[in-house]
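The structure's right below; bear with me while I get my questions together.
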Amino acid sequence: MSKRISIYRKEHFNAAHRLNSDLLSAEENARVFGKCNYPNYHGHNYELIIKVTGEVNPVTGYMIDMKVLSDMVKAEVIEKFDHKNLNLDTNEFKNLNPTAENIAMVIYDKLRSKLESTYDLKVILYETERNYVEYPA
Amino acid sequence: MSKRISIYRKEHFNAAHRLNSDLLSAEENARVFGKCNYPNYHGHNYELIIKVTGEVNPVTGYMIDMKVLSDMVKAEVIEKFDHKNLNLDTNEFKNLNPTAENIAMVIYDKLRSKLESTYDLKVILYETERNYVEYPA
Amino acid sequence: MSKRISIYRKEHFNAAHRLNSDLLSAEENARVFGKCNYPNYHGHNYELIIKVTGEVNPVTGYMIDMKVLSDMVKAEVIEKFDHKNLNLDTNEFKNLNPTAENIAMVIYDKLRSKLESTYDLKVILYETERNYVEYPA
Amino acid sequence: MSKRISIYRKEHFNAAHRLNSDLLSAEENARVFGKCNYPNYHGHNYELIIKVTGEVNPVTGYMIDMKVLSDMVKAEVIEKFDHKNLNLDTNEFKNLNPTAENIAMVIYDKLRSKLESTYDLKVILYETERNYVEYPA
Amino acid sequence: MSKRISIYRKEHFNAAHRLNSDLLSAEENARVFGKCNYPNYHGHNYELIIKVTGEVNPVTGYMIDMKVLSDMVKAEVIEKFDHKNLNLDTNEFKNLNPTAENIAMVIYDKLRSKLESTYDLKVILYETERNYVEYPA
Amino acid sequence: MSKRISIYRKEHFNAAHRLNSDLLSAEENARVFGKCNYPNYHGHNYELIIKVTGEVNPVTGYMIDMKVLSDMVKAEVIEKFDHKNLNLDTNEFKNLNPTAENIAMVIYDKLRSKLESTYDLKVILYETERNYVEYPA
């Protein structure tokens, strides 16, 4: 029987953002997003948990090298988003509203393309201690 | 491909309870529930995490409005249970033993009836930092 | 030079209570204590941190044996308050309103009488993650 | 003997900021503040702990009403800073670099002027889980 | 419909270990495991979460008695690994590299053999706050 | 009036240790230190908080550059103790029992000699989530 196991690695970044959709009017944006629509941005300490699932290598006892995974997350995600304004400083959110849902999906796509296909991947993103998302469900 | 995502919202309430089953004798209740069966109640800071799964709205970038969800949880659960004695002050636990399992299932039923059927729902309830339950499994 | 150091030991207990002062009318109690005055009690997971200050024993490298301290806290505090209704089940709060302030001061008095006088003592009591007290200041 | 006790109340707000001093050149600002000087702002989930010290009221068993304190903090601090850009949206940091040190001192001054002088006050501000400040020392 | 629910119980143990595989050369071990391969061991505060899934007993309102589960984990795992050197003091890791993955799988096998087969079981093991594993996936 | 403020910086390291005093017999060591005296070492995830107190620089708004402080702690403490066996791999604990008290005092001396004398310094060391020390008191 194959023995699949999941590992989780937690990283973090600090960023500014503003919720605003190009597909909504100013009134609709204000109504839907409330304080998150304030024009001059606010920000968060984002806590990012990467979950990777696969089989344990019987020689090393590792499923994946946590350091290799951490370096990949740092190169693909943290370097690009940390201490940035997601709306202004990143190509990913130029035309995409930086909700927690969309940020998690963007991070998933970045890592999915770098991770070997034998691994399953999930992204868990804490916007605050009380609000977080997981993709895919 | 539909892109389903989960969001989590954390709320809390403080309540008193006592574990005691109408279907057991006093001796059995004392044996099964130990200190949790003490007659004059004890209490907990319950941490409640609501997990909702669905598709992201491409216009807003929201899967569900966290504020709407939070308000629903507050109206349906927190207002009813916060600073209450679950055994004495609530209809739900008049004849139902307020174990963490039963509290989670009661909260699930309350929210399931309010939440559109396109959403999946899970309830995670921390009775203490070291004991928690998730329903459905 | 004497080298004084502080050690902290964290314990916890779960209890029910109700805030109500014998020195206030029913109306005043309801106004001052709000939901905390509900008649049938509510409860908390109390996190208790004991801080002891003294000199390090050069033979052992211990300032105080953490296990001895933990056993003292368990015997003097946890055994008496855990899974109890503070208002109904304890002598200490029969005529004393079990606010966080008063609980901390009662615990201080219990431990102060057991701890050698060369040690300084502080009690930190978390009623919730967001409300806590420290005695003496 | 007077019995002084401290209570702590934890609140939070999310804000954007950028570290930049009017008294330094662009090169100096970049060197001193590094990523925190990026022009388009980043942000944080600020955790704010207010510590108040005073005597316990023997009638109520309260040193201060935690709800009154929480409402004061919300009115004086949270309403003004939450979901704001500290540099652009607040008068306090128009000409003052919003370092954690300066934010804590501004919050202290706001609350000190509202709190009766018999109370001692400290402000503890977490910028991240690993970086925080306390004022006054 | 059967109503399956999951409960989680958190325990902890402190242990020393060193990552080194009998199937690799000294050079390969140093390269693969880096600082974790240092010859004289290092250690961790392991946080262990046991997840058990089953149906709620309608008489008690318990799915499983948390105390019975906790005692089983203490007897089968904590007593054997707490304050031990996993490589030197345990039979389980004499010839098995004590990676988080392997420790979780060993703990799973120990508990699986004790737990009735109607229950599902998962083991979640935190090696640090930022690195953890879940078995089975 | 000078305005002194404290900043806190949290770092961590993982290490193995064994409590054993050269000044005690084997029987005394076993009695005093219990499981912590087991011959083959156990280990911890040490969380280290450095508290520095001083005046805010009115030009920068910094009391101390958190990055400079973090780099100092990494160079003086983390590099030396992380993933090490404190008893075997360090000069500091060759003849000094590595209790939390002694580790905190050793770290204090290392940093005190590097930090300008205008700053006050405290070291807070968590051996576990429930046991920690602060030096000086």
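The chains carry the letters A, B, C, D, E and F, assigned in the order they are written, with residues numbered from 1 in each.
FYI, a residue touches a chain if its C-beta (ideal position, glycine included) is under 8 Å from a C-beta of that chain, and two chains touch if they have at least 3 such contacts.
Just so it is clear, the model here is predicted, and its values are computed rather than measured.
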Shortest contact path, subunit D to subunit F, counted in steps: 1
Partner chains that subunit B and subunit E have in common: A
Mutual neighbours - chains that touch subunit E and subunit F alike: none
Residue-number overlap at the subunit A/subunit B interface, same or different (half cut): different
Size of the rotation, in steps of 5 degrees, that lays the CA trace of subunit B over subunit F: 180
Whole-Å separation of chain centres (CA-atom averages), subunit A against subunit F: 34
Whole-Å gap separating subunit A and subunit D, where each centre is the average of the chain's CA atoms: 29
Contacts with two or more other chains, residues of subunit E listed in rising order: 129
Contacting chain pairs - touch in the sense defined above: A-B, A-D, A-E, B-C, B-E, C-D, C-F, D-F, E-F
In the complex with subunit A, residue positions of subunit B that touch it: 3-11, 53, 56, 58-63, 65-67, 120
Residues of subunit C that touch subunit D when the two form their complex: 19, 21, 23-24, 32, 34, 96-102, 104-105, 129-137
Partner subunit E, residues of subunit F touching it in the complex: 12, 14-17, 35-36, 38, 40-45, 82-85, 88-89, 128-129
